[in-house]
Structures are given as structure tokens and as C-alpha cells.
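What follows is a group of structures, each given as C-alpha cells.
Below are two complexes that have chain A in common, paired first with chain B and then with chain C.
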Partner chain A sequence: MHLVVCAKQIPDPETPPAAFRIDSAKNEVIPAQGIAPVLSPFDAQAAEAALRIKEKAGDGKVTVISLGQESAQAAIKQVLAMGADEGVLLSDDAFQGGDSYSTAHALAAAIKKLGDVDAVFCGRQAADWDMGQVGIGIAEELGWPVAIIAKDAQADGGSMVVQRVLADGFETVKMPLPAVVTVSNELGDPRYPKLQQIMQAARKTVTTWGPADLGVDASEIGAAGSRLKLEKLFQPESGAEVELMEGETPAEQAQALAKALRDAKII
Partner chain B sequence: MQQNNPQEIRKPSRLVGAWWGPAVGLTGIGLVSAVEIERTSDATREVFFNVDQPWAVYLFLSILTGLLVYGIGRHLTLWALGRPVPGLRQQLGHRLRNAVRLGLAQDKVRRDRYAGIMHWCIFSSIVVLTFVTAQVAIADDLSIHFLEGQYYLFFSFYGDLFGLIGVVGVGMALYRRYFDSYHRIRWDERLEDHAILWGLALVLLTGFAVEAFRINATELDQQPDWARWSFVSWGVASGLDLFDLSESQLLSAHVWGWWSHIVIAFGWLGLIVFTKLDHIFFAPTNAFLLRTDSPGRLTKIENIEEREVFGVGQIQDFTWKQLFELDACVRCGRCSSVCPANLSGQPLSPMHLIQDLKSHLATVGPELQRVGHQNGDVRAVSPVAMVGDVIKDETLWACRTCGACVQECPVMIEHVPTIVDMRRYLVMDEARVPATAQAALENMEVRGHPWRGTALTRDSWMEGFDDVPYFDGTQEYLYWVGCSGSLVERNLPITKSVFRLLRESGASFGVMGQEETCNGDPARRLGNEYLYQILAQQLVDTFKEKNVQKVITNCPHCFNTFKNEYPQFDGHFEVLHHTEFLAKALKDGDLQARHQVTASEMTYHDSCYLGRINGQYDAPRQIIEFLPGTSLTEMKRSRSRGLCCGAGGGNMWQEEIGERRVNHVRSEEAVGTGADSVVSNCPFCIQMFEDGLPAVHPEEEGRMRAFDIAELLEQSVFGPEGGSRATSEVAEAIQ
Partner chain C sequence: MAQDVLVVGELADGQLSSVTEELLGAATRIADGGKVSVTLLGSAAPGAAAGAFAAGADRACVSGDAAYDEFRSDQWLAAVEAALDQTGAAAVLIAQSGVGRDLGPRLAFRRNTAVAMDCIRVENVDGGLRATRSAYGGNAHATYSFATSPAVVTVRAKSQDPIEARAGASGETVELPAAAASRTEITGREAAVAEGLQIEDAAIVVSGGRGLGAPEGFKAVEELAAALGSDKAAVGASRAACDLGWYPPSQQVGLTGKVVTPDLYIAVAISGASQHMAGCSGSKTIVAINRDPEANIFKSARFGIVGDYKAILPELVNAIKALD
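Let's look at the complex of A and B:
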């Protein structure tokens, strides 16, 4: 069984608010200094889901694909350390600046190029933009069924049984393979890699593919292929003003407070 | 400052100090004897009086020797399973001193006063009586007649004296074993414990009985002046007169008594081979093998990238010293009686851990030996896994690496490195890590600090200061703030206090701000040696690049790893904890503590890594002495006996399993002093108290406060309005 995990490297979602800056003119996030980008947490869970299926089956192959800059090697290595077999990086300027559609298009092309893929696992959403569309987009491109927000996925012969998280419970669906699953945090913690695996992963080479390798049309990928236009990116301003109530006694202060609140039409 | 309970401040006893009591007594007795001996010069007795086949003794002796050789051989084959011990041939002088100080003089045994006296009585008695017996043997074998005259009388005297001392020791041991039901020595009681004790009691009692029968038959009436020298047996012999025994009855009682004494004595010595009595040899040997470097240093795994196994998951992956130690354990329970985890009902008892490993070695060892240990796989010969089955994961995770067990162990077992070796196996080989510890490790790896989800940056504490100097290689000191000092809300005031005090003292220093990154200590303690080595090597390189020579740290854990472990990475820096720097600045007059502080009655909590592990007990107390209008009440467990706050060994980031939390236990002890504040020197300790104090004292009113000593000194130096931690807020809380 050949399983593919799509992994995205994102700015650290735990960046302290004070260190998070955006460039409003360019509508871009300014990478925080000294804070390295990380593997999107949901993608680590997607990897975990794929690895569990591989382990249970006793054989199979897990390939991790990432679309991003050269630094995304780190995210791929992390999934390799967890137990994935091969890594592919889609890295080319033409891939950059895309939206969910153009990213899904490129990833789907890479999956097609791999050929014998039985299932694709994505995080339910990337933890930076939280769009949650790439997984679905890949399924659309490939014409495969998709089950989103999964807490469990099991291979069952030629099909995949997925438990989906709903607002008020769970739903179990069965779909024929090949298929796409997007995985939610309810799946459980991703594994901690053994040191032996970390070292093996460090020695593995990651294949890099550009648009020519995939045979995709440059107008369909990256910024050129984007169908979504970002109009404005800004940080909401929050502030607080403090007014101390005057008064000789606590009772007088309370009266003043009540009056102020009434004037402000709060009470 | 006023010291409320000075008796609680105990300095570690020295060799000389502990021996003066017996020495003065014995010298006095010796002088009196010397005068008295002058009066009688022809005294003697027949060696092996009334005994027909004394050669049988030599038969017993050969059997015993054979048994000892067999026993040692049997042990040797098991120890040989272990890996080599590096550095054993270094520091031989130091090692010999350890063997004498900790082995022969038993410095550690005396840390428990009752046990110290008891053990000294038994030990000295056995040594002297062996010497007495040896003289009898020499006199007989070589037909040298030196047991005559004055020496014979003196010989009789000290033989009886040390026999009596032995009886006192055995009496104390009997009391402890049978009348103190909850005593730690009963936590893992076995048949051999009774056998050893009663065996020794019988050896001494039959010895006195035999002597009494002989004296009654041959000396009591005939040579009363001689008989009195054997003062104990003389007393017993005089008592025998009441029974009006005939001479033949006495002689036959003597023969029976003599043979029972011999058989029991040799039988008892035979126990050395089969029981914990082997500590007679193993304890001094283990003292010799004891590490000669700091207990704060864990071993470095060399060439970690080329290894296939990283931790210790199978018994033969320990060093032979670690295996040897298992046999040295006497199950006295001291380690477990001071272990913070064990005291809180958590699943770790160092004594049982050592004993479990010992049984495991005895179970799988011989089979491993047979299959060839180099390529041996315990899993092939045993269905149980050492880590997981014999020693549970949660047992290993409960360790605080506080070193209290190592400190107390009278036979010098080093539990902490053994536990960390198994943690290394869990983390690096098996990747079996509790979720919260895993999060901390991943965070160190990805974000360079263990504080998952912090909203602070390494610059946050600088807010409000526009003159924080950055270290550029020209200043004398690097002020190392550390992750906890900059990324945990509660510790920010401490960092500010230290900063302001450093500035006030006129010290030349700078900070690294955003360039700081975790020095790896928690990773190493949690067992991720690989991550530690990466982080440590990076930082050593950075320090060298920046020309760092001297470092001042907020945190005793940073302090320890810089000081004791970075030399493993060729990082040699002069490292000071802030308390050391500040105490000196106060003494030199660079800082003046003038103002009253918001704490008046204090108790001081020794952090493990500044106190026990690095021996710095005085600097923080000296600072407290400078604070006007304060008094210090020590907790019962203080200085080298201090109890961990519960956060050590990576437990800051773990869920505690067990009846109680360690910080609640320690907070109770602090509250028990009646002080209004508990003062410490470690960001983890402070956090643990901030959590523990409300738990043991739910009402906010009158609750004890936790301070880093720098916070109080800052108040005292800058006045009540000058404190960084909104001192006014603290003042209000106290009023």
C-alpha cells in the first residue's frame, strides 16, 4: 500500500504575540526573527494516521510531499523521522505565493507522478491560514473520494473506513480507494521519533521536483494560478483605557462608577 | 538577621570530629590500664584450654575461605557482563581517600546518628575481636608466647571491652529491627536480616559465656587479680557461683560453649558469601569506585551519531561498576527515606529499584553469561524487559535527579546516573515518553526552550529598562537569564531584580537577549542526550565566539550544566550563581542592603542543584544575614538534607502520578516553620512554591509568600518603592 502525506511548513503558531508582525503594504507576514518555522501540527497527525495504517498492515510505503521553500526540508525530515519512507519537495519560485487551489493542483500533479498511490493524508487545515481546502482540492483534481476531519482511519481491503468528527458526535464512512483523508487532532498525539530513525532520516535524500518534472502549466500553479486575491492583511488593534473613579469612600466611588457606566449606556 | 534554630544548621561531619569520643575514652582507659598492669606481670592462660581438637577450627577456616572464593567468583562472572568503566585508573589518590573516608571511617553511615553509633559499635567490635582471635591463633600456631604478663591482662581487657561494645551495638540493632515497626530498614525485610543479627548476637554471647566458664573454673578463685581484667566475663563468672556448679560441669559447659561459639562464628562469617553482609568488602570497594567528578555531571555518550544503542535497556548495557553497586546495597532504605518521589507516595523507591535490578541480574545473568554476553540479547533469555517490566516507565520518570539518594547512601551507590541511563533508553531507543515531557522536548528542539505556549519573548523582561547592555565580549560577565527567567511570567521580576542589582553593584556585564537558547539541561535530565549534545555544543560555540569568560546565572540548573557539564564539550567558563555574586557584592560593599523588606520571618529552601549537588549552602544565607529586621528559621530538611521542590529531573513538565505532589509536601514543611516567607534561589522552586503554598493553605490571608532571594535584596537595596515586582503590591498583600 502506498500512502502519501502532504506536509506544510508554517510560521510557528506558538510565536508569542509580541513577536508576530505583518507587512501591511505587501500583505505579508514578516517571519519572526529567531523563531523557526514548524511542521503544521495537523500534518503531523496526518503522518501519524498514515504510519498507523502502514504498521498495522505490516508493509507498505509512506511518501511525504511538501510544497514550499528549501527550508521545508526540515518538515519533510521530521515526517521521515517519524517513519515515512521517502520525501518529495516541490520547490520552485513558480510554486510560491499560491492559494489553496493552485497548491492542490501542484500536489495532485505530484501524486499522479508517483503513480501507484492508494491514499492521501492531509491535515484538516494548515495552522497558519486555516483554510482547510487543499485536501479537498487534491481529491477534486484526482477525482477521488474524500473524508474530512477524521479521528481515525483504517484500511479495509480495497476501501478506507474513516471516523469523522462532527459537531455533536462521530460519523463512520467507508470509501473506495484511492481516496483522500484530512486528519484532525482527535486522532491523538503524533509519535516521538526514535533517535535511530532521526539519524536515518537525516541521511535520506529528499527528491525535489519543479513544475517541469510535474508537467504542470505554469499558469495553474503558485501566484499565477491563484484564484483567491488577498485584499488586505492587518493586525487588529486592541487597547484599553483606564479611568479611576474619584470619591472619598468606596460607596462614592461605586456611585461614580455606576454613573459612568450608565452614561456609557452599558447599564 | 537572627538565626532561630541554629542547631538545624549541620555542617557535614569530618573524619576527626566523629572519632574523638571513642578515642578520648579509649586513651583514658589505656592510661588507667597501663598503671594497673604494672602490678601484675606473670599473668597468662593456656591457649585452647580444655579443647581437644582445636585443629578443627582450621577446617572451618578452609571451608570459609573456599566459600568466599566461590562467592566472589560467582559475583565476578555477573559483574563481568557490564561494559568497561572509563577513567577508573585516574585520581587514584582521591579514590583511596574515598575508600578510607567513606569505606573504613564510614562518613556516610554517620549521617544517621543512631545508625552511626550502632554501626560503629558493631564494626569496631568485629574488627577488634577478629584481631583478638588472630592473636590466639598466632600464639598457638607459631608457639609464640606473647599472651603473657601485662599484655595478657590488657588483651583480656580490650577483648571484653569490645565484646561489650558489640553487644551494645547489637542491642541497638535489635531494638531498631523489632521495636520500631515502621523503620526504613523494614521496608524490604528478609530472612537474612534476622539471621545476621541473631547470629552476631549469639557469637558475642557464647564468647562471653565460654570465657566466663573458663574464668570460673580456673581464675576466679585462683587468680582473682587476673580475672578482673576480663571484666564482663568476670562478672558473669561471679554470677555462675550462685549455681554452685561442679568443676566437671563447668568444664563440659565450657567445651560445649566453645564449640558452639566456633561453629556459630564461622557460620556467621559464611553469611558474607550469601547475604548483604558482603557489604563488609563491597562498601569500601564501592567507595573506591565512586566518581571523582561532580555529582552534577551526567556521562557524555561519545560519538553518539555512530551508536546503535543509546541508553541502557538491557542489564549488560550498564557498566560493571553499575552492576557491582547492585550487590553493595544493604537495603537500609536511607535512599528511599529521603527520596522526594517516595515521600510523596509516587512510584519510585530507589532502594527497590536497585534491588529489582539486582534480582534481574541474578535471574538473567547466568544465562547471558552462557550465551556470550557481547552479542547476548536479554530478550532471548528472559521474557521480561528490564525497562518496562522490571523497572516501570513511571518509576524512571518520577526521579527528580535531586541526588538525595546518592547523598545518603552509606555504600556509595549512585542511583541517578543509572536511572538516567534507563531514561535515555526510553527516550532515544524506544521513544516512549510521557506526553507532557515529549512536548517539552519537542519544544526545546523546535523553539529552543522548554516552555510550550509561552506568550513572552526573551526580551519581555526588559520592558521599562532602556539601558540593558548586550554582551559584546568586552564586559566581564555574561548575565545568563535563561528560559525560565525570561519566558515564565512569575520569574520576570526575579530577572529584573538581578539585573538592577548587577547594575547597582557596578559590575561590567551584558545579556544575550534573543540570542539565548536552551542550554539543554532539561533534555539531558529527561534522557534525550542527543538533543542535549546539539544544544550544548551550539551554545559552547556561541560563548566562545562571543568571548564569554564568566557567566552569572539565575537558575541553578543552568549554573550546574555550564559549570559541570560544559567542560565535556570543551566549554570552560567561570560560572557563578546570582546568589554567589550578590553575597560577594554585599561583603565588598558594592551593594548596601539598607531598607526593610516585605518579609520578616523567613525560611530558606535549598535548591538541589545549588545546594546538595554543588555544595553552595552559604552564599544565599549570607545574603539573608544582610537583610535588616529579618529572621531565619531553618526547615528540618535543609542544606545537604534539603528536600527537592518536585520540579527537578524534568518533572517541571510532567504530570505527577501518586498520592501527593512533592511541592505540596515541601510547602507544608515550609509552612511548618511558622515563617511568613519561603526564600529560594531557583525559578523552578519558586514556581513550585507558588503552586504548592495555596494548596496547603487555601485562604489567601496569612498565606506564606515565596521569594527569590534577589527579589528581597532588591527591595532592601532600593527601598520599598524600588522593587521590580511591584513591591507595593507585595506590601499590600502582606498588610
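Let's look at the complex of A and C:
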């Protein structure tokens, strides 16, 4: 089986809110000083799902693809260190500034170029913009079925059996391959690469493809292909000051809170 | 300027779901005199049309085919596309639910247009749709316009107000085709719903986080909820606590869990990561109980106690009981 993992490098979602800044003239996030970008956590779980399938099958290939700047090599290397076999970086100025549509369009073209792909794994959403569209978009571009928000995925002959997380429970679906799966945190923690794997991954070559390699139209990728126009990016105003309950003992603090809530007619 | 709007309706217990009523409220406002249509799919759909007219729809696009009872996105997509062709709507509103998370992007990609997900504000600006959503875990808000039509938006539950019900209102009914075969077979379904009051419906939600230190910590959280009244208060959990297996995922409050808007939200040993705040920031009053005075949760809270929940919660139970 040939499995593809789509990986995105994002600003560290654990960045403290106090270090978060926006350049409102450019409508862009200013990267926080000294905090390195990371592989989007849901994408690490997507890689984990693909690697589990490859291991269970005993053979197969996992290719990791990222669309981003040269720095996204680090995200690719991380998935290679986890156990992926090959890496592809879609990096070109023409790919930059895109929305989910143009990103999915380019990724789908890269998957077509790989040719023999059986399944694609994406995180349920990138933890920066939290849109959750690209996996579904790739499926639509390729005409493949998709199961989203997976906590488990198993290859079963020519099908993929996926356990999905719903608001009120779980659902198991079966769909024919090739197919797309988007993976949620309920899958469990992704593996930590061993030092030896990190060193091996560092030596692996990552293939870089540009628009010409994919045969995509420049008007369909990056900022030119965007259907969604960002009008304004801003920081929401924070709420009122917190009133901290005074007291020498937990009992006094608790009584003060109960009284404050009663006085405000909340309880 | 007027624009026609299509709402993708969802049914619950044979009725219009509450989020569908909210979407119809938003649709009525952004239509600005344009026509509001709604899709109603599944065996209960024909009976739900009257409720949709009362909630603001001018036209109901209906199929009573029972194959639509369970959501399969390829089947629903075909039905919504048919409704779009019939109504020519310039904007489509879908709930940010299990339906919208799947159908929103599919519809947008299928129609070669864009979707903005999980929006908290939708406006009609000069006849075009503007949608605002939270990004970077709530640290930023982003307002979008659309270069293509129709503009597709998924809308966060409880971010929009329904209109006052128009009793006895009627409208046009259009028949949608029955469901085609699906490529996706649903082979199993397992309910994981807490008994009793649901967190989305509760007037008070008491939630516990990773700072509880152990799953046993939820006992103290449950006792506090019980003291506040089992008919009013329900128990939630942060994603970190759910990921650790301390509490069921059905009770998760946050960006990837449920959105709650109770009158009172009590966050116990929750740091207040923005992914959590996305699920509770619409609460009328937030109370934070946390050992760390620097915890982010205090920035959103109206009342707070800095201290160890193990010592505070039993005393708070006593203090609440002493009020009555």
C-alpha cells in the first residue's frame, strides 16, 4: 500500500497569548521570537495512523507531503523520523498566501503525480487556522470518498474501515480505496522518534516540487487561487477584570464566592 | 442589498434542531429582504416544514426519504446541490456540527467556491457576505469576504439568535430528490451520551481539567455540580482531561468538543488554553478555580479563587448548601 500523509508546519499553538502579535497592516501573524514552528499536532496523529497501517500490513510505503516554505522541511523530517519513507515539499512563491482551496488543489495534484496512492491521511484541522477543509478538499479534487475526525483507521482489503468521533458517540464507516481520512486527537499520542531515526531522517533527501512539476495552473494556486479573501485579522478585546475571592482559608474563599454569586443573582 | 440564502437544516427528535433555528435567524438578517430557503432531509422532514416557516424560512426544500436519516455526506451533498440549483442562493449557511464540518468543505469544493468554517458573525455588506471566525486558538479573529459564489459558511452553535417565532407562517415547499447510493457504508454506531442533563442545555456547567491531577478529581467536580442542582448543573471536561481518559469525550468543552453557553461556567483546574475557551467563552459568567494565579483562565473569568481545588471544592459545596 502507498499511504500519503499531509503535514503542515504552523506557529507553535502553545505560544503564550501574551506573545501573540498581529501585523494589522499586512493582516499577518508576527512569528513569536524564540518559539520555533512545529508540525501541526493533528498531522502527527495522521502520520501515526498511516504508520500503524503500514506496520500491520508488514509492507508498504508512507510518503509525507508538505506545502510551505523551505522551513517546512523540519515538519517533513519529523514525519520521516517517525517512520515515513519519502518526503515531498511543495515550495515555490506561487504556492504562498493561499487558502484551503488553493492548498488542497496543489496537494491533490502532487498526490496525482505520485500516481499509485491508496489512501491519504490529514489532521482533522491545522491547529493555526482551525478550518478543517484541506483533507475534504483533496478528496473532492480527486473524486475519492473521505471519512473525517477518525480515532482509528484500518485497511481491510480494498477498503478502509474508520472509527469516527461524533458529538454524541462513535460511528464506524467502511469506504472503498483510494480514500482520504482526517485524524483527530482521540487516535492517541503519536510515537516519539528515537535518536537513531532522527539522524537517519536528517540524511534523507526531500524532493521539492514546484507548480511546473505538478502541471497546475498558476491561477489555481497560492494567493491567486484563493476563493476566501482575508479582509481583516485582529485580536479580540479581552473581557473584564477578574474579582479574586479574598480569605485566610479555603472555607472563607469558598464562602466569599458563594456570596458573590448569590449577590449577583447567578445562583 | 438583498441576497437569497440557503440554510442546511438539521432535525432533532423530529423537529427543527435549535441550531437550525439560529441559522434561520441569521439567514433572515443577512438576506435583507432576499428569499430564505432551508433544506430538510429525512423521514421527519415533511413534518418539520411548518416549524421552519415559523423560524424564518420562506421556502422549504424537502425530502422525506429515510435514507437521509443518517448523515452521509455524499448523499446530503447531492440534495443540497439540488436545492442550490433550484434556489440560486448566493449564500449557504450550515451549522458547525458533524454535518457542517463535512458538508461545508465538500459543497464549497464541489461548487468551485469557498467556505469559512465555524463563524461567529455573519453580515451582509453591500450585498456580499462577510464572515468572522476565530483563529490561532482564539488569539485572533479573522473577517473574510468571498471571491466566488455561493459563499458557504459554517456557523458556530449559539452564536446567532433565532427570530421570534412567526406563529402560523406558511411558505413554499419544493420536493428534493430521494437519496442516491452512498459510497460510504455505516457499519456501526455507538452512543456515548451522559445520562440526564446535557452540557449544551445546562444553565450551569462545572468543568474539570488536567490540573485535577487524577481522574478521581472529577468526583469533587461532580459533587459541586450536584450541590448546584442536578436539574441545572452538568459536568464538562477539558480536552486534556478527555485525552487522558479521565472523562468521556462526549463531555469535552472546546474547539474540538462542544460549545456551551450556560449562565454560569465554573472551570476547575483548567488553565484556559484558547482551544478550551472556544467552547465556553460565550458563557454569561465564568468562575475560575486554579492554583496558578497566572493561569490564562483568570483573564476570561469574572470571579476567581486562587487555590487548590481539593481544599476549595468541598468548602464551596458547604457554602452553597448554607445559602438555602
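Methods note: the second predicted complex is superposed on the first by the 238 of 267 C-alpha atoms of A that agree within 3 Å, B and C clash if a C-alpha of one lies under 4 Å from a C-alpha of the other, contacts with A are read in each partner's own complex, and residues count from 1 in each chain.
Keep this in mind: a contact is a pair of C-beta atoms (placed from the backbone, for glycine too) under 8 Å apart; a residue touches a chain by one contact, two chains touch by 3 or more.
Given the structure is predicted, the values throughout are model-derived calculations rather than measurements.
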item: First (chain B), second (chain C), both or neither touched by A:17; value: both
item: Partner chain(s) touched by A:196 [first = chain B, second = chain C, both, neither]; value: first
item: Contacts of A:36 with chain B and chain C, given as first, second, both or neither; value: first
item: Chain A residues touched - chain C or chain B, whichever exceeds; value: C
item: Which of chain B and chain C A:101 touches, first, second, both or neither; value: second
item: Contacts of A:169 with chain B and chain C, given as first, second, both or neither; value: second
item: Contacts of A:45 with chain B and chain C, given as first, second, both or neither; value: neither
item: Partner chain in contact with A:185 - chain B first, chain C second, else both or neither; value: second
item: Touched partner set for A:258, first chain B, second chain C, both or neither; value: second
item: First (chain B), second (chain C), both or neither touched by A:124; value: second
item: Chain C-contacting residues of chain A that also contact chain B; value: 17
item: In the complex with chain A, residue positions of chain B that touch it; value: 305, 308, 310, 427-431, 433, 435, 438, 441-442, 446-447, 452-457, 460, 514-515, 530
item: Touching residues on chain A, where the partner in the complex is chain C; value: 11, 13, 17, 20, 22, 29, 99-101, 104, 124-125, 127-133, 136-137, 139-141, 145-149, 161, 165-176, 184-186, 226-236, 238-240, 242-245, 250-251, 253-255, 257-262, 264, 266-267
item: For the chain A and chain B complex, residues of the former touching the latter; value: 12, 14, 16-19, 33-36, 38, 189, 191-199
item: Touch list for chain C against partner chain A, complex; value: 73-74, 97-98, 101-102, 104-106, 108-110, 112-118, 130, 134-148, 183-193, 204, 228, 239, 243, 249-250, 255-256, 258, 263-264, 274-275, 284-285, 287-288, 293, 296, 298-308, 311-312, 315-316, 318-320, 322-323
